[in-house]
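After this come two complexes, each holding chain A, first together with chain B and then together with chain C.
Presenting the complex of A and B:
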């Protein structure tokens, strides 16, 4: 127990600003009406951030609100409400939590449900979905929501990237995908212009896209400081510090946040301050969304000397120069290239290692760069998007790279009903024993 | 294939249903290349034009998943898991390749699990968009052309537009024949039972198109020769809605409880057979339009109408039509667990069909008969309720 009490040496102080970001995003949706702005129910990593920001459309992030409900362990009432109208518990709980909340508000004639976490989220004027490769709920959730908010128009765009096939050169297909994504983004702009009654300011959009590029670069520069031993920042923190990149892309506030975070990490490195003291094992969070109601599990890892200097989850960007984007004066085409190349830029590496895949290649790159000893995956039962295929990734990682210790945790993102802290900690303990044996073998 | 002759259409269908894939196995032995595919989005016209034998894959609801779980998560669609399990166990060891159309996350996210585990000579993930606007049609044509290119490379044979146009005609004819068979379900009682119909649908999806058409013709002729039986006045006429239900277990539960299964909106049934490919100057254009805009499946987004009611008509209008044309009293919405595309539609479909005048029972279940007793009880209670 003494070891546990020593606990996590430090969380970043910059991360303490995150609740303000999240609350700010929620309250913006509530204040939008009086400010004459339109609110769009929106989804992260859909490529539509800059369009919304350039048109003063206030995004209402359903995933964020459901995450807040989960973190406050206050999602059950919304999940039950959705379930009462036959939304299964096996569906995406980000969606069902949010739909349950919407159902209650509609039943109350638009009045905010009592006790809504952090004041709740504003009713949208439009819903921007995306039938992309990221997940089915991104276009099914909007349709389901519209059943209760029938006056709210839904627009679903589509952004794909070439599928991985070791026998096919994806470069031949990229232009087709970029053209399609660009046209779909243009359709999004037309829809937003129709709902807002305002024309897109293309210069402003270009400036917003440029700011996003800068933010992507700064994010990676900042996160790569975590390669340092001991690492100055853990995935437990990153699940918070992802907020500006994920929910506020294209804003100066997001960029400034990473300026501060970078400065703090540099100072920690200069001071020799790490997340765990001593730092015994370095592990990658290789895939999966976290259980928002159990983020304390990261501290449990830290208390045992295990740190996560890197994670795949919510690292939704890359240094732009590494993507080798073709030059274009069309900001929508630039977004499309950035999106497509973000996903495909591990393909060439995967093709060089027989049996590998881009997802595994990405994990290997991080393991090498961040000097990790093992990998942890999290499988959330209600989300197929991020969590189906994890077993394949884990097996491939062992086959094509090394027989490193791997832990696949099981739980959910929002639904706490399947979570058992004692069992989880027992599994973590067993994993740490495996890590210890592995490191001993490695000498 | 068992030789078709007068009066043995249903028996042939029964055999092909029971020994699923047996004809494809025969064709493979005779030197044909056999390509398996999943879902209603498999562009059979192009596979037929390529000269390969397309077979839509199914699992076995009576067999527990015993090997597939070593590779694929239990949060994946139970249908996909079951088919994968069957493939891993060697049920489809005659396949030369597979096509996985991008229907849903359960297919998309397990693409590598399938391809890296099965290691078939040919593999293609067909990246079908979820959106149906004009840029999506253009994109769909592009990815169909990519698909055609990979098949040409695999077979070593050029797939001409003429071959595609001919295949379109053959599959349209096949659909027309099946719709004629569906017509025989409109009488009271229907001339063909739900279990018989299911066996025909399953048998048909395991055959090359010409053989499938011959089978349907034989069954239709045989069924038409039946004398109409006296109807059970109290028997309720039921419609089944869902994705790939490809076994008679649930249908038998409905019919053994005294109801008639007179119609379905399943991905191996009406969803497949109701809409043809338009003959277009570029045959790929018609194929793209059918699979994106005409197929009524929940993973192709439509929503262009000005009102919510109009949007519902766009999405589910065919179900209302079936309720009226087939005089449906009640609908059973049978959705697999972990299915986001169908699961998020349940409240909308339920209220839409109820507004059309039919009661609705919603069941969420596995692709397995392990829970059949519970399903039967729910169905019996539903039939009592609407009696």
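Presenting the complex of A and C:
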């Protein structure tokens, strides 16, 4: 063939530390009992990270384990197990993979299912949920998990933030949401104290929250280095480097990871090293969780000169000073303010642009800041709470911003039966050709 | 004289077009499972038709879902871009293309022959030629007759199932209930047109609109689509070859771009021979 496939030019060496983080989190759930620690089945972006870390509760991250199963293309047995008990394939496959795994472990009297990826995940002593607005399975997943582990207590908080309404100034409502969220967190602490038999060390919690804030700031400082042309890091890496922020928030290890990553990106910029050589097109990963079994598709993009300097996915933080948080000495209230202000961060900008929405406004901000030529959305069929709105986001982006090339990929996060590599690459190729025409038209 | 070839390997048909400053030859043959063998044979036949040898070809572009399996092609370009290019050369007023192929359907928004946006259904047989093929087979009507037959319908018998398998069952039940075949075919065309329309309308459709692919050869489907879009649709003289024609023209563009700089594009170096992949 005249055209030769080029390999991925550069991936960060810091990202190579991520498997150690993930394995470490999984093995911590297995070692917890001998270390006298309690394990909590936990869910990401629930606002409970610092409480768990300050009380030495070991989180067992269901989404992380399902992602590992998917990446190893070893999730089918757990999906089928859940399906055998009437959990539909159209439900969240993070949840059904995890529930299927729990079902097998419980049927074996708590023994680890044979061949469980990376040694499997330990049995929880408690289930901590948060029926918040991010994801609708959060209401039922903890309950379904408990259905197979009847002796494990479950506690589901409800932390909300003001819903988007272009005609309402959400700042008028913030305080009541913060008060509610703070009380929910206080109840979470009480529940954890009851299960662990230990009292919360409030000074330790405050220090943990302070460390989280520092990690949020460092994360954004690090990721903003990707604005550089050529970008020193791609979303393919970011789907890994999100792990410390997402699963290890409130730990020194997470902070230190981003110190290393930042140093590496600064060096790459100094050396003029980019992800793709040459970098032809810059594209935003505008929405959607990735297909964990097909992360190689990012390299496919890179091999064609397309880079993702920014993504919305797993960028679950913002510079704390940009959130302008009211001062408080109560660490729980601080978490609540941070929570409400993060989720409503793009409301003010969206209100200024008729027809826009906060999610679209965030995409526009990133497109401008990172100088993107197009946008890619991934519609994962089983994650309906996020992905059901993707078509509308794409249409709104074109209507209120500009008619940039958009690719909507279709697949799933865990269920590989939804994926066809040849068709996916065909779509990517066509999208790149559209980008080329767009850039030529732009001059 | 420079000659440029486009090879479009679709899911059901393989097409080859050879151009110079005009179309020298165009040929269509069934794809089958052995793409590489067939691409080879269809190209040989097209060369015979054009009274050319393989060595006479200046540049070759492959397109279609089987494009990576054409070893003698110098470059691969997706069918989206090639359809836009080919159609623009035939019908320059067209801004929206509806392509109904054997295993997918797509909408392409074009401007001066360049792709501005596209949508694609490659996940579900409903809304593609495969759907019509299965239903025609169930009703015992030759595929090439279903279009004309549907135009004789007294009414459209609605088909509510959105899945090919269930639609087939529904058709058989309706047939057993005494519904005339023509009405059922009209219903099937209406169902396919509805699905394709709901896909393509995401593009902010602008006239003129053209239909390409095998679906464009079905007059019943074209009429059903016209009813959904609310306007007359254009159909090129041979709607199956727009991709191959576009590929050949893309090859010509590439060559001329290099020539303008006093250079020649890199060739694949492969001869026109049967690929060893299947031996």
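As a working rule, the second predicted complex is superposed on the first by the 438 of 443 C-alpha atoms of A that agree within 3 Å, B and C clash if a C-alpha of one lies under 4 Å from a C-alpha of the other, contacts with A are read in each partner's own complex, and residues count from 1 in each chain.
To be clear about the criterion, a residue touches a chain if its C-beta (ideal position, glycine included) is under 8 Å from a C-beta of that chain, and two chains touch if they have at least 3 such contacts.
Note that the coordinates shown come from a computational prediction; the quantities given were computed from them, not determined experimentally.
*Asks:* Sticking to the clash and touch definitions up top, decide whether chain B and chain C on chain A clash or fit.
*Replies:* fit
*Asks:* Looking at the overlay, what does A:91 touch: chain B (first), chain C (second), both, or neither?
*Replies:* first
*Asks:* State whether A:391 touches chain B only (first), chain C only (second), both chains, or neither.
*Replies:* Both partners, chain B and chain C.
*Asks:* For A:146, select first, second, both or neither according to whether it touches chain B, chain C, the two together, or no partner.
*Replies:* A:146 sits against chain B, while chain C stays out of touch.
*Asks:* Looking at A:135 after the superposition, I want to know if it touches chain B, chain C, both of them or none. Which is it: first, second, both, neither?
*Replies:* After superposing on A, A:135 lies in contact with chain B but is clear of chain C.
*Asks:* Once the structures are superposed on A, label A:352 by its partner contacts, choosing first (chain B), second (chain C), both or neither.
*Replies:* neither
*Asks:* Between chain B (first) and chain C (second), which, if any, makes contact with A:199: first, second, both or neither?
*Replies:* So A:199 meets neither chain B nor chain C here.
*Asks:* When the two structures are overlaid on chain A, which partner does A:327 contact: first (chain B), second (chain C), both, or neither?
*Replies:* The answer is neither, since A:327 touches no partner chain.
*Asks:* What is the value, to the nearest 10 degrees, of the angle subtended at the Cα centroid of chain A by the Cα centroids of chain B and chain C?
*Replies:* 80
*Asks:* Using the touch definition from the top, say if A:433 reaches chain B (first), chain C (second), both or neither.
*Replies:* In the superposition, A:433 touches chain C alone.
*Asks:* Once the two complexes are aligned on their shared chain, state how close chain B comes to chain C by Cα atoms, in whole Å.
*Replies:* Closest C-alpha pair between chain B and chain C: 5 Å.
*Asks:* Could you list which residues of chain A make contact with chain B in one structure and with chain C in the other?
*Replies:* After superposing on chain A, chain A residues 391, 395 contact both chain B and chain C.
*Asks:* Per the contact definition, I'd like the list of chain B residues that touch chain A in the complex.
*Replies:* On the chain B side, the touching residues are 71-73, 75-77, 102, 104-106, 108-113, 116-117, 123-125, 127, 129-131, 133, 135-136, 138-139, 142-143, 146, 150, 298-299, 301, 303, 307-308, 311, 315, 335, 337-341, 343-348, 350-351, 362, 364.
*Asks:* Quick one: in the complex, what on chain A touches chain B?
*Replies:* 85-88, 90-92, 95, 129, 131-133, 135-137, 139-141, 143-144, 146-147, 150-151, 154, 156-158, 160, 162-165, 167-168, 173, 176, 180, 183-184, 187, 355, 357, 359, 379-385, 387-392, 395-396
*Asks:* Which bits of chain A are touching chain C when the two form their complex?
*Replies:* Those in contact with chain C are residues 1-3, 391, 395, 398, 403, 405-406, 410, 420, 422-423, 426-427, 429-430, 433-434, 437-438, 440-441.
*Asks:* Using the touch rule from the top, collect the residues of chain C that touch chain A in their complex.
*Replies:* Touch list, chain C to chain A: 65, 68, 71, 73-81, 104, 111, 114-118, 120, 122-123, 202, 204, 265-269.
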